[in-house]
Structures are given as structure tokens and as C-alpha cells.
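First chain A sits with chain B, and in the next complex the same chain sits with chain C.
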Partner chain A sequence: MMFSIAIRNMLRQRRRSLLTATAIMFGTGLLTIGIAWQQGVLQGMLGKAAAMAGHVRIVTADFAKKEQLFPIAENIADTGPVVKAVAELPGVRGVYPRLQLPATMTVGEDIGEVFGLVTGAPLEFYTEVLDLDRNIAQGRMMADDKEAVIGLTLAEELGAKLGDEVIALGQTQDGSISPIKVTIVGLYDMGGGNVNKMAYVTLEKARWMADIPDGATEVVVFCADRDDAEAVAAAAGALPATAGLEVKAWSQREPWAGMLQLQNTIQTIIVLVIVIISSLVVLNTMMMSVLERTAEIGVMRAMGLRRWQTLSLFVTEALVIASVGGLGGAVIGAAGGLYLQKTGINVGSAVDKLPAAFPIATTVYADFELEQLFWSLVLGFVMAVVGSLLPALRASAIQPVEAMRSRR
Partner chain B sequence: MPVICQLKSVRKDYPMGDLTVTALRDVSVEIHAGEFTVFSGPSGSGKSTALNLIGCLDRPSAGSVMLEGRDVATLGDEALGAVRARRIGFIFQSFNLIPVLTAYENVELALRLAGVKDGRDARVKKALNDVGLGEYLDRRPAQLSGGQQQRVAIARALVKQPAIVIADEPTANLDSTNGAAILAIMKEMNTRAGVTFLFSTHDPDVVAQARRIVTLHDGLLVNDTSRPRAS
Partner chain C sequence: MRSLLRSLVLVLTLVLPGLAHAVTVDELLGMLDKNLTYDTRESTMVMTVTKGDRVKTYKMHSYGRGSTEGVVEYMEGRDKGTKMYRKDQELWMYLPSVERVQKISGHMLRQGMMGSDMSYEDMMEASSWKARYSGVVEGEESFNGVKVWRVKLTAKSADVSYPTRVVLVDQVTYIPLRQELYATSGMLLKTWEMSDVRVIEGKNVAMKMVVEDKLQAGSRTELKFEAMDFSVAVPEEIFSVRWLERN
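Our next item is the complex of A and B:
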């Protein structure tokens, strides 16, 4: 009967119940969309970051200390044994030596002012991991050491087009000036922003430029499952071939370790803010209900309604409203999440100025999962319980003699 | 008849800021089973306070309140609630039915709160039949007249077969015809089923029907008159 009373009380003040349900509906819907969006941003960044930096990265300890300065001299002189040993570990999908070399880029005769990052890696890295071949906007993939594929943004900054020759002026590992000349055969678009500012050449070309014939500044490892990165890193770190080298999973390296923590904090704040705001609306409407029904509660208390029964009466009412609002919110959240997953949002120039360590594409897509919907619904019920608890406690504290004094 | 309820040297104080207002002063009274008693007196005389104490809605500042041999003044909130649910019926001036429940459900609620599980349906229907509302089981309070609502309230108070029924100004919100009808029903319940009724009222018709009149003034019991039972 208490459940029946709760439902009828909900229908009794339809507008107020609708307002409460709407608050929970928007709370639940916003949570679903917000979490899906944030997951999308993170997954997008991680996906790009993993493609660019590897699930696990192996470098020399000195390179790790000074990597912001691109210390070419701190390289792994012979990457062959490392690649061979790590490739045999379970859960490893691919192992690639890679060089990232800072260079001044020039098209034509004038010495350029455009700073770029020349990346050299095996062609399989570009096709199997980076999907560079599928992101060529103009032209084709490079076929030999004389060719390069560069990003649209870099091409725009250089004023370069397909077929142009680019001179990249870098350094060898001993500090000597080292230019390379390559022909642009492809322009890639991997989502805009700083993701499109790389110049990709063959591993051999980059090795020649840095004068590291058999080595690389880093060896990047890709796992079958990104979540296994830390376990693979531990296994790779224990190999004799990596002795003296730093082997770390992406989640153990900055900025990702910090980013993950930041992401969790931001997500917690978003959840708390939405839950608190929605709970306040529930609290407000439920408190009005309690005040209006003080005499009625007093009568029921006089008839023997226990405190816990009074408490449960109001919490049940809020939960019934939360069920209605939560279902509405689930529909809104799922629709919004799926829409953003399909179309994404163009964040435009907002991400262009970010450093290369934050490879966010211009268009960010949500990452909607049913699990997010489930947790949003759970939080919808949390909003209802949190919001109704204070009014319910107040109702349960009503003394019948006080409540009925005004309505004898 | 046995004593069903007893106030022993009861005092009730209400703090009002820095002041203390004493609503009852050293009141002692015994209520016997089957009585039809009116607590009368002007406003502020303490009659409602006395009924609240007997009805386990409040506790005395001093003295004791015995109900069926047990001092209820010492009970906690939950225990008092249980006593109210099982042993006391209330009839209020404003009827105070639960607006979202039908007449049937309003009466049934009293049984549920009293923890009655068996034979609820028959008891509810009988209680409503006894007050002449057997045809109005599915009506909500808003679909009933004031007199009909008060009859539902009587059925709700009586359905659990309480030790005592407390009626606080039960006819005050009714016209004279309905008031007389309600009074007649309660009188009949008292005579036929031996239900103990305690009233607080200003209504001379109610006072005229009472077999015992307890008069309070400024918190003091000033008169206690009994009339012989009419044959």
C-alpha cells in the first residue's frame, strides 16, 4: 500500500512531479552524454597517442630524462636485438624502431622558418599502426627514401604542394648539421590540429639524417590489447635485451599518467556537479511536498505510521519519479551519445595551439557505451535518494500532535 | 466496568520562549471501558491536551498516563506509535482522510498500520457498512460529502477495535443534520459494541448525549459529572 500511496502522491502534484522527473531526466541525460563525450576525447587522444608513441616505449634512460630536447645522441645504437626479443613476448602485436628528429623545413631556395618533426619508421608502422595510407588526403604513400608524406597543416605552413621538394635541416647524433631532401608525394589528414604537423619519411632516411645506421631514438611496442600495456612493459623490461633501457607503458608516462588522473578528477567533478544540481531540484520539490502534506503526515503518524515508514514513503515517491525521469534521461542520453559518436563536434582552432604531446583531432567524437547509460541511471536514483533524504527525514520527524494542531 | 485509562496527577508544560505555559495542572481522572465521555471547557482549558496525552500523541511533563494498565508516558516514539496503531482510534474535526486513498483504502490503512493481516477485507467492508457507506467503497474523499467523510473517519477509527476512540470536535465542521447523524452513529457503536469514546467538544448536542462530562478550566479539572445510563 505504501508503494501505491507513493505513486498516487506522485500523480497528485503532476506539475511538481514532472519538474522533479525533468531534473532527473536532464541530469541522467547530461551525465550519459558528458561521460560519453569525455570518454571520446580521452579515447581519441589515447588512440592517436598510442599510434604516435606506442603502447609501450623503450628508450635509453638519458633520452627519457631529456626527451623534451629531442636528444638524438641518447639513442639505442642497435635496435635489432631489442625488436627481436620484444616481438616474441605474448600479447605483442608489433615492435618498431623509430626516430623523431626536429628540423627546419624549407620548400624552395629560401631557408625556412617552419619548425617540423621528421619521423622515420618502417613502412609497416605507417600502414599497420598509424593507418597513414588510409588518411592520405592527396597523393599517395611514400615508396622509397626519396619521398615523404607530410600533414596538411605543415604543408599549409610551408606553402608546399604535392611534388614539391622539401629540405629538412636537422642534426646528426654528434651535432653536425644534416640536411635531407625529399619529394612530397602525399598529404595526410588525421583529424586536423597538431596531428597534421608531421613529416613522415622512411626509417632508413631518418637513420641517414641522424647518422644512426642501425639504431633509433626509441622502440615502440604495440599490444593486441592496449589495457595489457603495463604487463607487456613489465615483461619487456625484464628481458636481457632491454637491460639498462627504460621500458614504460603509455599509462606510466607523462603526460598520460597525469592526464588519466586529471580525466578521472574532471569526470568526478562533472558527475558531482550534475548530481548535486539535480538533487537540489529534487530536494526543493520534495520539501514543498512535505510542507504541504505536514497535516496528512501527522494524521498517518497518529494512526501509527512509523518513522521509517514515513521516510520510505517519501524516498519511494522520489524513486518512482526517478524511474520515470531516468528512463527519459536514458533515451536523451543514448540519442545524444550516439549522435555525437556518429557526427562528432568540430572543436576547430581550439586544439591547434596545443603542443604535440596532446594529439587531439579537430573533430572529436563521443564514445558511447551501454555501461555509461547504466551508471547514469544508477546516478539518477542516487540523485533521487540524496535529494529526497532531507525532506523525508524532516517528514519522519514530524510529531503528530504538532502536525494536526492546525487542522483539528 | 474496568478502568481502561487513567491520568494520575498529570501536569503538562509548554515552553514558549523564556516562558512556560502550563496546560494541565495536577489532573487525575479515570476512564472506564464503555464510557461515552466529554471533556468540556473553554478554549485553552486543556481538554485537547488531556486527549492528546490519553491518545499517546504527547507525553506529560509530570505524572503518569496509564492505558490498559501500562504507563505509556515512559514509552519511546516507536512504542507509542505501536500503541496508537493498535489500541487507539482517532476522529478529527477536519476528518483528515488521506486524499489519495479511497474510502476502503483509508479504512484498510488503519488495519495495515495495526499489523492486522487476516480478514482485512471483511472487516473493512463491515466497518463501512456499519456507518452506512457500503456503497461508497471506491470513492475518494474529494468525492464524498463532509458527513460521509466523517463516517469514513469513524469506520477508520473503529475497524481495528481499539481500546478507546478519541474524537476531537468531531461535529464542528458539519451542519446540524450531519452532526446529529454522526453523533447517532457513535452513540450506537458505544451502546451496541461497547466502544469507549472520549470527546473534546463545544457542541451542546454532543455534551447532551454524554453520560459523563469532565470539565476543565485553566488546566484544572473543575467538575466531573456522570449521568445514569439511559435504558
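Our next item is the complex of A and C:
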């Protein structure tokens, strides 16, 4: 009965009900798109960062302390036993030694002042983890120590093209100047920005450059499921082969640990802002409805309608409107989320200036999931309840005599 | 008579240090420049770089001409064949692994030469004290049993690597036995000690230097000259970028 009265009341003031439903529709729609977008930015960044930094990373404690300075001297002298032991752990998909060496890059005779990061890793790392082979924009993958694949942004800064010889002037672990000469056989594009500023060479070439014949500055571990990283890190850290080394999952390392906290805070703020704004619209329209129907409420109360029944009458009315609005919002949210997931948004070259720890591609895609839609619908109902509660309380407090005296 | 003697001792005590003090900074810097300048020089040296537990040794052969030109060739190990040519404030390096001459400029000049505690800039600013610094003689003291002047030097221009140096100069050989190199903030950046002073062809020469970068714990570089010759006729062609690529 309460439900049918609520439907009837909703249809009596169609324009107002439509306004309330529209507010909830936009609220839930925006919420779905906003959360999908924010998830997309974070997941995109995490995906790239995890591919670049590893789900779990094993380094020396001194390397971890000074890693911003790329302390090559703080390396794992022999990565063989570490790689072998960690690879046998359950849930581990791949284990790779890797070196990242800062260098001054030069193409041609002119002396350049272009800084790049020379990365050396096994070829399987590039193909199975980084998908470098699938992101080659021009040319091909490197085949031996004399070849390199570099990013489009780095190539542009260097004025380099396929077939050019590039000299990377870096240092050995002892600090001696150490140059390597490689031919550019491929230019990759992993979405622009600072992601495209690397120079990828073979592990052997980077080892020669750093003068670390059997070691690397880090060992990166990839799990079958990224969410298992912390469990794998704990298991790897307990191995005798990693004694004295720092073993951490990506989610335990900065800036990601902080980023995850920040993401939760931002998501909460987005949700709160949209819920509050939508609830205010609901409150406004429902309050108008209560004021208009004061006399009617008075009559109903005089006929025996109890306070809680009055309250639930208005809340049910709001929930019915929220269902209609929420459904519309779900359609808008799903359509918007799926569209942004497919086409993405070009955020421009501003991301080029971000530090390498934030590998954001120039085009950012949303990450839409049905779960987000469900929670948006739930929040739509929350908006309706929050927005209708005050008017409903007011309505339930109306005394029949006073209401009828008001002649409304 | 006794009181006269006492007065004489007192006067000598007060005056003699003053007489020794009478040396001016300009004279001292002139003597330092004279010691470090030569027509030609050929030397063989061994540089030992210690970074904590890690020790690396480099053997080098060098030629010099005046105070503005020098050539160094690395003779052994991974860096064998690496050559450096310095002329005035410019530095070129031949890198045999890529068969290329590279000019060392900008931030790289401030890096340690082959990972040592001596930067390329240190090597380029090793002489011409008088042109780069002014200062005061703060007094006399003893350093490792040798009487030295304590001199505080201040750079004349902002482009000098170390704005302030405190130098202990041997009163006999005019060799800067110890230097403390400070940043503008007053932070001690490096210490530089010279020892094993010998007279070679009438010139006082420190055959051993120890440099410590105070910003890197456990970092120490020892440079020992095994042979030094000031009378050698160095071929003109050696002092050129083109020579770096030869051989």
C-alpha cells in the first residue's frame, strides 16, 4: 500500500519528480564515470609501473636508501642464485635481473646533453613482461649486444632515427667513465610521456657498461596475479638466497604505498561531493513536496497514519524516484565509462614533465567494471534516503490540527 | 745582565714569529705556482681509489706542458687506452671501447675522475693559484713535524670550484702539504694532502697525494708518482685532440 501511495505521489508532481530523478541520474552517472576514470588512471599507472618496476623487487638495502641517485655500486654482485631460488616459489611468473643506468646520450658527432636511462634486462623481460615487441612503432627488437630499442620521445630529443649509432656515456660501478655504442634498430611507443624516454639494451651490454659481470642493481619478480605480490615478497624475503637484501612488493614501496592511500582519499572525496550535491537536490524537491502537502498530511495523520508511516511514505517516494533516476544514471555511467575505456582522453604533453616513477601515457583510458555500477546504484539510493530524510522527518512531525489550520 | 738577556729572549720570542709571518700571501701563491709549473713534464703514476671495501688501482702515464696543457693515458685494465687531453679549461677524452673522442663538459667535469675523489675540474684547476685566489696568512703551526704557514684563501671569482681553501704550506719547500676545500656554505668538501716531497731537477715535487671526498664516507684516493722527469722533450703533436685518436 505504501508503495502504491508513493508511486501515486510521485506521478502527481511529475516535473518535480523528474527533476529529482534527473539529479540522481546525473549523480550516479557521474559517480560511475568518475570512479571508472580514476581507476583507469591509477590502474594504467600501476600496470606500467609494475611492468617497469616489478611486482616484487629485490635490491640491496643501500640501493633502496639511495635509489633516486641510481647507486650502481650498491648492486647484487651475483644475481644467479637469487633468480633461481625465487623462480621456484609458487605464484611466480618470471624473475629477471635488471640494470638501470643513467647516461648522457649522443647521436652523431655533436656532443649531446640529452639524459637517458639505459636499461639492460634479458630479452624475455622485454617480450614477456614489458610487451616491448608489441609496442615497436618503427623497426624491430634488438637481436644482439650491438643493438638497442629506444623510445620515441628520447629519439626525438636526440634527433635520432633508425640505423643511427647512439653513444651512451655512463659510469661503471667504480665510477669510471663507461661508454657503450649501439645501433638503434627499433623505436617504441608505449603511450608517450616519460614512458618513451628509455634506451633498452641487452643485459650483457648493460653489465659491461656498469662493469658488473654477473650481477645487477635489482632483481624484478612478476607474479601470476599482481595482487599476490605481498605474499610472494614475504616468501622471497624468507629465502636464504635473499638474506641481507630488501624484498618488497610494489604496494609496499613508495610512491605506490602512498599513492594507494591517496587514491582511496580522492575516491572518498569524489563520492562524498557527488552524494552531497545530489542529496541537496533531492532534499530541495522533497521539502517542497512536504510543504505543499502539509494539509494533506494533516488529514492523513488525523485518519490514523502514524509518524513512522508518514516518514516511510516520503522515504519510499524518494526511493522510487531514485530507482528510476539510478537506472538512467546506470545507463549514462555505463555508456560513458565504456566510451572512455575504449577511446580514452589525450591529456597532452603535460605528463612528459612527471618524474619517471609516474609512468602515465599521453592517452589515459577509463577502467569500467560492473562492480562500480552496482556501488553507484547503491549510492544513488543513499542520496535518496539522505536527501529525503529531513523532509520526511518534518512531515512526520506535523500535527493534524496545525496542518488543517494552515489550509494547505 | 740577566735582565738584559731576559729582555732579549722576550723580544726575540715576540719578533721572530712576526718576521716569519712577514711572508705575504702573494709571495706564497707565487711560490706555489712556481712549484707546480714546468716547461715539460713526463710522469708515471698509480692511482688507488678506495670506496669502503672496494679498492681499484689505475696505472697512468702523463705528459704536461706549462700549467695549461696535459695528457694522461691509462695503461692497464678495463680502461687501458683511455686518454685525456686538457687545454686550459677544456677537456677531451678518448674512449677506446667506442673509438671516439668525447669532450667532457658541464656536470661531468664535477664528477670524480675515473671514480676517484679528484674531479676533472680539480685536475684542471691544479695550478694558477695566484690568479684564482687571494687571502691571508693566519699563522704558523706544525704539521706532521714540519713547520707550515696556515693560509686562508678566498676565490677571486664565483666560477672557481672551491670558494674557500685553508692551506698548510711547507715553509721550506713551499708545497701545500694539506688543503681543506670548503663550499660557500662553509661545509668541508675535500681534504687534499701531499707528502713524500723530493727535489727533482731543482724542483720540489710531492710524489704522493691523498684526496678524501668528505661527502662520501670511506672514500679515499691515493696518487703516487713512480717516475717524474722535467727534462723530457715532449713531441708537439701529443698536445692535440687528433693525437688522442691515434695508436
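Keep this in mind: the second predicted complex is superposed on the first by the 407 of 408 C-alpha atoms of A that agree within 3 Å, B and C clash if a C-alpha of one lies under 4 Å from a C-alpha of the other, contacts with A are read in each partner's own complex, and residues count from 1 in each chain.
Quick note on the criterion: a residue touches a chain if its C-beta (ideal position, glycine included) is under 8 Å from a C-beta of that chain, and two chains touch if they have at least 3 such contacts.
Computed from a predicted structure; not experimentally measured.
When both complexes are superposed on chain A, chain B and chain C fit side by side without a clash.
With both structures placed on the common chain, the touch criterion links A:P400 to chain B but leaves chain C unconnected. By the touch criterion defined above, A:R8 lies against chain B but remains apart from chain C after alignment on the C-alpha atoms of chain A.
Once the two structures are overlaid on chain A, chain A sits at the apex of an angle of 140° toward chain B and chain C, using CA centres and rounding to a multiple of 10.
In the overlay built on the shared chain, the residue A:S323 is in contact with neither chain B nor chain C. Of the two partner chains placed by superposition, A:Q341 touches none, neither chain B nor chain C.
Looking at the superposition, the partner that touches the larger set of chain A residues, chain B or chain C, turns out to be B. By the touch criterion stated above, A:R301 is placed in contact with chain B alone, chain C being left untouched. Closest CA pair between chain B and chain C after superposition: 75 Å apart. Overlaid on A, the two complexes show chain B and chain C touching no common residue of chain A. Contact residues on chain B toward chain A in their complex (touch as defined above): 48, 52, 55, 57-58, 77-78, 81-82, 84-86, 90, 92-94, 96, 98-101, 105, 108-110, 112-114, 156, 168-169. Interface residues of chain A, counted against chain B in their complex, comprise 1, 4-5, 8-9, 12, 295-296, 299-307, 399-401, 404, 407-408.
Residues 73, 104, 106, 111, 113, 167, 169, 171-172, 174-181, 211 of chain A are the ones that touch chain C when the two sit in their complex. Across the interface of their complex, chain A is touched by residues 49, 51, 54, 56, 78-79, 82, 93, 95, 97-98, 100, 102-106, 108, 111-112, 114-116 of chain C.
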